[in-house]
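Pasting the structures in now, so scroll down.
Both complexes below contain chain A, partnered by chain B and then by chain C.
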Partner chain A sequence: MLVGPALLIYTAVMLVPVFWSAGYSLTSGNAITGYHFTGLANIRHLASDPNVRTALWFTLRYAVVLTIGQVLLGYLLALFYVFALRRASAVIRTLIFFPVVLPTVAVALMFGRLFAIAPVEGPVNSFLNLIGYHSVDWFSSPSHAFWIIITMDIWRSMGFYAVLLYAGLIDIPETMMEAARIDGATGFRLVRHIVIPLSFPVLLSAIIFSINGTLKVFDSILALTNGGPGNATTPLTLYMFNTSFSYGEYGYGAAIALLLTVMCLIVTVTLYRWSRADQQQAA
Partner chain B sequence: MLNVSRDRRLHAGLAGMAMLLVAATACGGGGGNSGGGQASTSAGPRDPSAFTVLSNAENTTVPGELRKLAAGACAAENTALPLQIQTVPQTSLDQKLQLLAGQNALPAMFAAGNAPATTKALVKAGDIANLQTELTKLGVANDVEPAALSTIQNLYGGFYVVPDEFNIEGIFYNKKIFAQEHISVPQTWDQLVSDAARLHGQGIQPFSASGQQGWPITRLISGYLYRSLGPDALSAVASGTAKLSDPRYVQAAQAVAALGAKGYFGKGVESIDYDTSVNTFLTGKAAMLYMGTWVLANISDPKADTVGAGNIGFMPFPTVAGGAGNIDQYPANVGLPFTFGAKTLGPKVSAWLKCFVQNYGTGVLKDYGTYSGFTPGTPVAGLSALQTQVQQTMASSKQSVLWFEALFSTQATTVSQQNAAPLVNGSMSPGAFMNTVQAALPPSG
Partner chain C sequence: MATATASQRTDDRSAAGRAPATVPRRALGRFARRLPARLLTALLLVVVIYPLVWLFLGSLKSQADYLNGSAFSLPAHWMWGNYKAAWVTGDLGIYIRNSVTAVLPALALVIVLGSAAGFALQLMRWRLSRPTMLLFLAGIMVPTQMILLPLFTIYYQAGLTGTLWPLIITYTATGLPLTVFMLATYFRAVPHEVIEAAAIDGAGIFRIFFSVAFPMVRNAILTVALVQFFFMWNDLLIALTFTNSNSLRTVQVGLLNFTGEFGSIQYGPLFAAICITVFGTLILFLALNQKVMKGLAGGAVKG
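And then the complex of A and B:
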C-alpha cells in the first residue's frame, strides 16, 4: 500500500509512454494517414535496414570511446583533486566543471567555429597554417568528424564525472589510507589496491550513467554535424527522430526507440550483474 | 516466500498491464484514418474565428505581403476576418502539419509540406481544398499563369497549392568576371567545365553552392540528367522504369563530382549554408551560382548585392553533347507554396482567397521583386534588365522540368541532400551516391 502512490506515478510517467511507444512499433502510418497494425514488420525491417546498422555501429563506438574518455579523465582529475590539489582544488574544480553548465548547442557551435574551414577558417586551421600545414576540412571526413564530436563531449562532460568521482574518493576513510601508507603502499600501488576497490561502487555508477547517457546522445551531434557527412555520424536517436518526425514514419521510429531501450537495458543489467558477481567473489 | 509470491504477482500484474497497453496502442489507431482526426465533412467548411496563416519562419515574403494586403487591397476581408500569422521553422513544418491534421486543427492557409509527398497525404485525407473548383467558383481561375498551374499539377497531381512563388532555375553569372576573363555564356556542359577551369586557374571560385543544404548540388545532377536523357529522366525513376544506379544516371553524378574534385565549389563546401553561398556570389567572390529566380529578391537588395543587378546575368543549364534534352527546358517550381484547408474554407476565407489571387502577384513583384504564378493585375514599372530577362524567359518557356528530388519520398529527399556534399568533396563515389538515394526510394520508385 505504501508504494502504491509512487508506483502509480511511475506507471503514469514512465511505463505508459514506454509501452505506448512499443505499441506504435507494431503500426505504420502517421497522424495524417492514420495508424495501421502491421505486426512485427517494423521489427523485421530493423534487421535489414543498412541505416540502422550504420547508426548502431556509430552509437556503440561513440558510447564506448566517450565512456572510456570521460570516466577515465574524470577519474584522473578526481585523483588529482584529492591527492595533488587537496583543499586548494575548489577553483580548479569549478573551472573544469564550467563547460557542464554551458548549453550543448552553444558548445557545438563553438566547436564548429573552432574547426571551421569555410566561410572563415577557424583557430585550429589558422594554427595549422601558422606552423606550415594546409587547412584540413575536418567535417568532410567521417573519422575526423567522429573525433571532433568525442573531443567536444569529453571537454563538456569530464568536469561532471570528476566531481561525481571526487565525491566517491573523499568518502574513503583517511585511516585506511594511512594504514596502507604505513604498510608501504604509495603512488600507483595505493591507487591500484586501495583507492580503486574502495571507490568502485561510485566508479560503476559513473560508467552506467555514462553508457546510458552516451547511447542516447542527440543534441550535441545534431548541432555539430547534423549526422554528417552523409549519415556517418548519425546515432540511433537522430535516425529515430528523422524517421518519425521528418519522414512521418512513427511506427518505424518507435521500433528504433525500442531497439535503443533494449540496448540500454542489456548494458545496465550486464554491468550490474558483473559488478554483483565481482563483489560476491571479493566477499 | 511471501515476498517472492508478492513479487510474482506484481510482475504478472505489470506484464498484464503492458500487454493490454501494447494491444490498446496497436489497435487504437488502426482502421482507416481515425488517427488522422478526420471529422466528417458533411457539415461543410466553416470559417474560423480569424484568418489564420501558418508560414515557415524562413519565408518573410508571404507574411509580409499578406500584411500589406490586409492594410490595403484586402482591408474589407481583413475587417470581416482578421489576419493572424503564425510561424514555425521549416525543419519542423511537416511535424507541425501532421500534429495539426491529427487534431483537426489545420489553419485556414498554411505552408504546404517540405516535400510534395506530405501535401499529397493531406489531399488524400481530405484536408486540403481543391483550388481548381474553388477558384472557378470564385471566378478567378484565369488569374493563374498556365505554366505555374502546369507545374503545380505535375508536382501535386492537381491544383492544390497557390503559386505564391513561381520560379525557373538556371545559372546566375557575374558579367564583369566573365568579361574580364573573356568568357562567353557557355552553351554546352563541356564549355561550362572549360570555363570553370579557366576561372579556377585565375584564382576565381567558379561556383558558389551550399553543401549544407545539398539541393544546390543535386540540382546540377538533375540539370545534367534532363539535358542528357531528356525531360522524362526523373519521372522514369519515379515510375520504376529506370534506376538512379543505371550507368547513364550515374554519369550525371560523375560529371558533378568531377567539378567538386577539381575544387570548383571552393573550400569546405559542406559547411557552406544557403545565405553564405548567395553572399559569396553577390559579393563577387564566385563567378556562378545555380539558383532559382527567388534569388532576385537578394539581387534587388543593394545592401546584399555589391556586384550590382546590372552586372548579373542569367543563363539556362547548358546542353550535354548528344543528349536528348533541350536548352529551353527550364526547371520550374513553385517554391514552398501555401495551400488552403478544406474544412475552414467558409465564405470569409473564400473572400480572402479571391483577394489574394487577384492582388498578390502585383504586390509581391512591386514590393519584393519576385515572381508569383499569378497574372499581375497591373503592370509593374522600374524592373531591372535581369528581372525583365527572367520575365521574358518565363513567358517564352515552352516546357518545364522538375528538380532532382521533386518526385522522391521525404526520406529519399533527405538522403539525397545529406549526401550531396560528400559527393563533391570526394568522400562518396558517384555510384555510391546514386545507389544510396535509389535505396531510399520506395519500392515503386
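And then the complex of A and C:
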C-alpha cells in the first residue's frame, strides 16, 4: 500500500505521542528521573497557577490583535494592489511578500537591535532623537514589548496575507464589478457591498489560518523578548517549553501542552463550524 | 482569452485619455492622480527594505564603529572579515552543515511518502480513504508542544540524543499532514482516464505512481517541497528541544546562542551571521518566488 509508510510514521511520531503526552499530564517527573502517577494534581495546578493565567491572557490577546492587524493590513494591501497598482503590482507583491520566508530568529534578532537602547541606540531611538523625542527603553515595559512583537509579526506577514487575499480578489468576476460601477457604486461603497461579500470566503480562511498560527507562536517571541520583561510576553507555548526543559517538570509541561491543544481544537472547530454555516447560508 | 478581452477593455477605456497624452497638462494631471499610490508604494518598500539595508551595513562595521557611530552612518571601514569571523569563530559553518544534514533527508522523505499517500488517498478510492484523510488533517492543528515530551523520552531511551536523527524523524512526521493534504488536492487534477488507461495497459500500482502520476504533478511537488523546506529550515522549537550540544545546533539555534561563542557580543559578526541566513533564503526566494508565493498561499487556503 502506498499510504502505509506515511501513515506508519505519522501514527508513530505524531498520533501516539499526543495520547502519550496526555498521559504524562497525570504524572510528575521527567525522562531522566522517571514518572510518578499524581492523578489530577497537574490539572488542578493549572487552574490556580497565576503564570498560566498570564500566559493564557497573553496568547489570546496576541492571537486576536495580530489576526486583526495582519488580516486587515493584508486586505488593505490587496485592495491597493488590485485597484491602485493593477497589473503593475507583480514586483511590489514579490518584494513585500519576502519577509515571510526569512528565518524568524534572524528577523527577531534584527528587530531587537532596531529597537535597542543599550549599549547603543538603534535606528528607531535614533530617529526619535532626531525629531526631538527621548529614547524609549522598548523592552522594559510589558505594553511596549507587546506592541513591538506585534509590529515585527505584521512586518513579517503582511505581504503574505496580501498575496493570499489578492488571489481571492482577482477571482471576483470583472463583469460583477462593471455592473456595480454602472449602477453608480464607487470607491468605498463598491468595496463595502461588492468586494467584501464576494471575497469573504478567502477572508475567512485567512482569519482561520492566522488564528491557528498565532495561538502556536513560539520562535519570534523566544528570540525577541524571551517572554520578558518578567513573564509579561510569555505565551503558553513558551511557558510549556520552560516548564519542561528549564525546570524538568515534564508532567506539568504536558498538562500545559494539553491545555494548549484543547484550546487550538476548540477554536479551530468553532471557526470551521461557523464558516461552514456561513457558506451554506450564502449558497 | 480572458486576459485578451480584459486588456482590450482597458484600451477602450483609456483610448480617450491616451491620444492627448502628449499635452503636458494632461500628463501632469495623471502624474498627480497617481502620486498617492506611488508615495504609498515607496513608503511600503522603505519599511520592508530599510531594516535589511541597515542590517547589511551593520554587518560591515567594526565593534567600535557600531558602538560609537550613528545608527544611520555607513561603515568607517568595510569589514568583510566579519563574515569570516561569523563563519569560522562563530561556528556558522557547522550550523549550516547541521541544518542541511537534518533538513534534506527529511524533505526527501516527506515528498516521497507524502506524494505516495496523497496519490493513494485521492486516486484510489477505498473504504477508509476519507477517514485516513481526516486523520492527517487533524495533524495540521496539533501544536508541536503536544508531541515533544514523549518524543524526547523515546529518543533519550533509544540513545539517539547525540545525533541529528531526532530532527530528521520529527521533521518528516510533522511535515507529512500538510504535504499529504496539499498533494492530494493536486492529484485531483490528474484525469482518471489516464490512470485507468495505464492500468489497462498492465502497469502495476507502483509503476502508475512513479511513471504516470508523479511526473504529472512535478510542478506541484516542487512547490510543496519549497514550502516544507522553509518550514523545516526556519524551525526553532524542534531543533531547540532535540539538540543538546553546540556541534549539533542548526542555524536557528546557533543564531539564538550566537553571542556566547565570542565571550561577549561582537556586533559585526552577529550581523554578518544574520545577513548570511537572511540573504541565503532571500536568494532562494527570488529565484523561485512565484512557486513559493503560490505554495504558501495555497497551503493556507486549503489548510
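Throughout what follows, the second predicted complex is superposed on the first by the 263 of 283 C-alpha atoms of A that agree within 3 Å, B and C clash if a C-alpha of one lies under 4 Å from a C-alpha of the other, contacts with A are read in each partner's own complex, and residues count from 1 in each chain.
Everything below uses one rule, namely that contacts are C-beta pairs under 8 Å (C-beta built on N, C-alpha and C of every residue); 3 or more make two chains touch, one makes a residue touch a chain.
Everything numeric here is computed off the predicted structure, so don't read it as measured data.
Peer 1: Scan A:Pro103 for contacts with chain B and chain C and give back first, second, both or neither.
Peer 2: The answer is second: A:Pro103 touches chain C but not chain B.
Peer 1: Determine, under the contact definition given at the top, whether A:Val163 touches first (chain B), second (chain C), both, or neither.
Peer 2: second
Peer 1: Which of the two partners, first being chain B and second being chain C, lies in contact with A:Ala6: first, second, both, or neither?
Peer 2: Touch status of A:Ala6: second partner only.
Peer 1: Could you say whether A:Phe245 touches chain B, chain C, both of them, or neither, answering first, second, both or neither?
Peer 2: A:Phe245 sits against chain B and chain C alike.
Peer 1: Looking at chain A, does chain C or chain B touch more of its residues?
Peer 2: C
Peer 1: Applying the touch criterion given at the start, work out whether A:Pro229 contacts chain B, chain C, both or neither, answering first, second, both or neither.
Peer 2: The answer is first: A:Pro229 touches chain B but not chain C.
Peer 1: Which of the two partners, first being chain B and second being chain C, lies in contact with A:Trp20: first, second, both, or neither?
Peer 2: both
Peer 1: Who does A:Leu198 touch here: chain B (first), chain C (second), both, or neither?
Peer 2: neither
Peer 1: Have a look at where A:Pro50 lands relative to chain B and chain C in the superposition and call it first, second, both or neither.
Peer 2: After superposing on A, A:Pro50 lies in contact with chain B but is clear of chain C.
Peer 1: Give one of first, second, both or neither to describe whether A:Ser135 is in contact with chain B, with chain C, with both, or with none.
Peer 2: first
Peer 1: For chain A, give the residues common to its interface with chain B and its interface with chain C.
Peer 2: Correct list for chain A: 15-16, 20, 24, 31-32, 119, 245.
Peer 1: What part of chain B is in contact with chain A in the complex they form?
Peer 2: Listed in rising order, the residues are 14, 17-18, 21-37, 91-92, 94-95, 97-99, 101-102, 118, 121-122, 124-125, 127, 266-272, 276, 280, 409-411, 414-415, 418-419, 421-422, 425, 427-428, 436, 439.
Peer 1: In their shared complex, at which residues does chain A touch chain B?
Peer 2: Checking each residue of chain A against chain B gives 11, 15-16, 19-20, 22-24, 26-27, 29-37, 50, 112, 116-119, 135, 137, 139-142, 227-231, 242-243, 245-249.
Peer 1: Help me check something: in the complex, which residues belonging to chain C touch chain A?
Peer 2: 6, 9, 36-37, 40-41, 44-45, 47-49, 51, 54-55, 58, 66-68, 70-72, 113-114, 116-117, 119-121, 124, 132, 135-136, 139, 141-154, 156-157, 169-170, 172-174, 176-177, 180, 205-206, 209, 230, 233-237, 240-241, 251-252, 255-256, 267, 270-271, 274, 277-278, 281-282, 284-286, 289, 292-293, 296-297, 300-301, 303
Peer 1: Can you tell me which positions in chain A touch chain C when the two form their complex?
Peer 2: Residues 1-3, 5-7, 9-10, 12-18, 20-21, 24, 31-32, 77, 80, 84-85, 92-107, 109-111, 113-114, 119-123, 125-126, 155, 159-160, 163-164, 167, 174, 202, 205-206, 209, 212, 215-216, 218-219, 222-223, 237, 240-241, 244-245, 250, 253-254, 256-258, 260-261, 264-265, 268 of chain A touch chain C in their complex.
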